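Written out below as structure tokens is the structure these notes cover.
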Amino acid sequence: MGRPTRSWKLYVACFYIFLFAPLAVVAAFAFNASQYPSPPWLGFTLEWFAGNGAVFGRPGVLRDGPMLASLLASVKVAIPVAALAVALGTANAFLLERHEFPGKALLANMMLWPLVIPGVILGISILAFSSRVANGLEDLFDADLDFLRPGLPLVVAGQLSFILTIATLVISARLRRFDRALEEAARDLGAGPWRTLRTVTLPYLRPAMVGAGLVAFLMSFENFNTTLILVGSEPPLPVYMYGQMREGASPALNAVSLVLMLGTAAVATLFALVSRKAD
Amino acid sequence: MAEIADLSLARVTKRFGAHVAVDAVDFSAARGAFFSILGPSGCGKTTLMRMIAGFEMPSEGDIAIRGASMAGVPANRRPVNMVFQNLALFPTMTVGENVAYGLDCRGVARGEREARVRRILGRVGLADFIDRRVTQLSGGQRQRVAIARCLVLEPTILLLDEPLGALDLKLREHMKIELKRLQADFNTTFVYITHDQSEALVMSDQVAVMNRGRFEQVGSPRELYRDPASAFVAGFVGDANRWPAEFEAPNRVRLSGGATVAGRRFGPPSAGPATCFVRPESVALAPSAEALSALENRYSGKVVSVLFDGANSTLLVRADAGGFELRATLPQTGALAGVEKGAAVHFGWSAEAARIFAA
Amino acid sequence: MMRARGLAFWLLLLPPVLWLGLLLIVPHVEIAILSFSERVGPRLYRFGFANYLAFLTEPLYWRTFARTAVMSIAVTAITLVVAFPVAFYIAKAARGVSKAVLFLLCLLPFWASELVRTLGWMILLRETGLVSALLQATGLSAGPVELLYNDGAVIVGLVYGGLLFMVVPLVNALDSLDFSLIEAGFDLGGSRIDVLRRVVIPHAMPGIVAGSIVVFMLTAGNFVTAALLGGKNGLWFTEQIYAQFIVRFNWPQGAAFGLLLLLLSSAIVWIGLKLTGQGFGETMRRS
């Protein structure tokens, strides 16, 4: 079993082909000069990226208004989700690593729950609750609270409900490895508690905070299940793509997918660089 | 006029629940002294040091620095700096930033700060390392950065918490000399805690031997070595053969195997069980009994094994009568330098060299 | 550290209490309450079991539920079988750089969006797609073959989506397996299957459990893959929830479905942990 047999190696090779085939075809057919993302190959074109619609009756993704609007909606969700996940995740890490209190084990356990709750259910529960609150407040104060109705603020809340778990885990893990003698050393050299936090502890946590932020950004950008339930009139990119995919295939979808993959690769590379620096 | 001590502790006690970690410790360290606290792990020396640094507050008693009580003064406002066991250099900063940290906290102007950082790094021989990351330094260099980071603040007292523990043996020997030199150069009071008696003896002006939260004895290294005041100190400082025994006379004991030893008793005359200590280097070895006739205690025996270690070589010898074994230093220049296992030897020691404590 | 708690402690306690309270516990209580309410008039509801009765009496509902459960279990099992040899290869047969590269390559596709991956499978499996074209070109098939819109396509897509979450915990668990144990197994006369069954699999069990739980949860809660690769035939329970909530606006019914799905996935997680005596926290952190 130690030396891999030929058939075992072949199997592993097939596995990797299986793994990359879907992504490869998505990328390849983004450049096919055809109405449909399917064989035969009709020649290379960049029309699906930059075209104005004269050739295929549909503009390239970089000029496609609704597509760009959905991209913008995704960014509008992902940035607050990432920022909140890092800020609150850091606070959670300090609570879990620096304080002892009754019920701490239960609280730490509960923070993991969102990982085993299907995203659709997180979505409907938050939708149902926020609607009840909105209805109640409307009846009481005759106020219309739009942010509690389906829309981007609610999407932010829904995504945060489970992305915060990931951020908390990542940042806690690093805080746990922090040598508290460093804080004592700072105090010993004359720093007060805030200065110690700012100059010693937070710089040490920075790689984990940046990493958690990037992961949160990507997870938010790609989330579909929770977003689908909570979305209003501004669909973020995955929801928009889903609608387009149901209507029919177009290489425009391949093009936007490729843009998305390249963007993701850039963020993931950044993440890898940051986490390498951390060690 | 008596000078005010740099550091004085009055009946300092620390309790953690029912456990007394530090039990009514009194001492004072004179200005410019190298003062060591020596004790086994768990004896309370770390707690004591953390109280001096301000990370723990004494349950009772008072700590004063240059006559000023430190009660209620937080760690960041004490004229004391500490070299941590693992050094605690800030990994996110360069050498220069580490050393500048304390000055920065005090609000020292940038120009002066840089000048002082450069000056101190020059004095510890790290002038060219100012922009290096601390993770790129060797163990000895890291050590010097940790010391420079404290000394740049010109503290009244520098605390050192077993800073040599993580180094390998060779570097440790080197750093002992280096630390002593730095202390003499800067003329700062050093309070050094360690469980390694050799570190304490080599570097210190004064050593306090600590055991179970109390100081057993405070004295110069020579005093501790020659005149240990308790069985614990006799056993902990330097090497010693140690035998359980029974008082026969005020200054004579019978070992459990039957041999009698004349020695020097500490404390009031007593009867009953006792412990007898003889240092390996106090044992004289000779091929014949005549050479030992000046000694009060004389025996003959067989070499059980030869523990060769250059100048530190010792013999393990079993007495022919009296049923005891001992370790004796084997001079590599004497008549017995080439002695082999199983050889018959004569050995003995003066009454002055045997210490007897009531057990 | 059990000293008097300062302001900092209470401030730090606030975010998790708000998070877990307002985004997790209270909303789930809300759908629990909602699921037990019956509509008796416009904006008028009363307590009742009608939503659960509807689930039991309408075959489409409970069949979809059962189908989701059974297929999710099957997908989890297939994912495990597909992933195990690869994880074992990465953990024990590959060395040095190739090991790191193989592991990293496993992670890469999962940084791409689920939609992108599904789009890839649609292009591959469609009647006019790449696989169909290849089959025709090689003469294995006379005409175009429709591979999309059936259970096979759904399973392929779901297994694909679960692989990463299986490979990573498996590699982590197998990494710590001492090679000499395997050799000892052979040395003592065990056959290949014996050694696998008695030495390797018990050692990998924490990874198997962690991976299976996550894969099951993701599969049962999946929406995109079943809807797009299964088409009209790809009935999946999450679609029923979506339909009740968003299309029919029958929230109480949707809430009941949601709760049932939550119960199903919690039950599987719980059984998985109980069967192997693993803790929830450590298992989750591992994956």
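In this document, chain identifiers A, B and C correspond to the written order of the chains, with residue numbering beginning at 1 in each.
The rule we apply is simple: a contact is a pair of C-beta atoms (placed from the backbone, for glycine too) under 8 Å apart; a residue touches a chain by one contact, two chains touch by 3 or more.
Computed from a predicted structure; not experimentally measured.
Greatest Cα centroid separation from chain C: this falls to B. When every chain is reduced to the mean of its C-alpha atoms, the one closest to the centre of the whole protein set is A. Averaged C-alpha coordinates put the centre of chain A at 57 Å from the centre of chain B. In this assembly, the C-alpha centroid of chain A lies 18 Å from the C-alpha centroid of chain C.
Taking the mean of the C-alpha atoms as each chain's centre, chain B and chain C sit 61 Å apart. Residue ranges of chain A in contact with chain C, taken from their complex: 1-4, 8-9, 11-12, 15-16, 18-26, 29, 36-40, 88, 91-92, 94-95, 99-101, 107-122, 124-130, 132, 157-158, 160-161, 164, 169, 218, 221-222, 224-225, 228-229, 238, 241-242, 245-246, 249, 253-254, 257, 260-261, 264-265, 268. Listed in rising order, the residues of chain A touching chain B in the complex are 179, 181-182, 184-192, 195, 199-200, 203-204, 206. Within the complex formed with chain A, the residues of chain B that make contact are 53-55, 74-77, 80-82, 84-86, 88-93, 101-102, 105-106, 149-150, 153. Against chain A, the residues of chain C that register as touching in their complex are 1-2, 5, 9, 11-13, 15-16, 19-20, 22-24, 26-28, 30-31, 34, 82, 85-86, 89, 92-93, 102, 105-106, 109, 111-124, 126, 128-130, 133, 160, 163, 179, 182-183, 186, 192, 195, 213-214, 217, 220-224, 227-228, 238, 241-242, 245-246, 251, 254-255, 258, 261-262, 265-266, 269, 280-281, 284-285.
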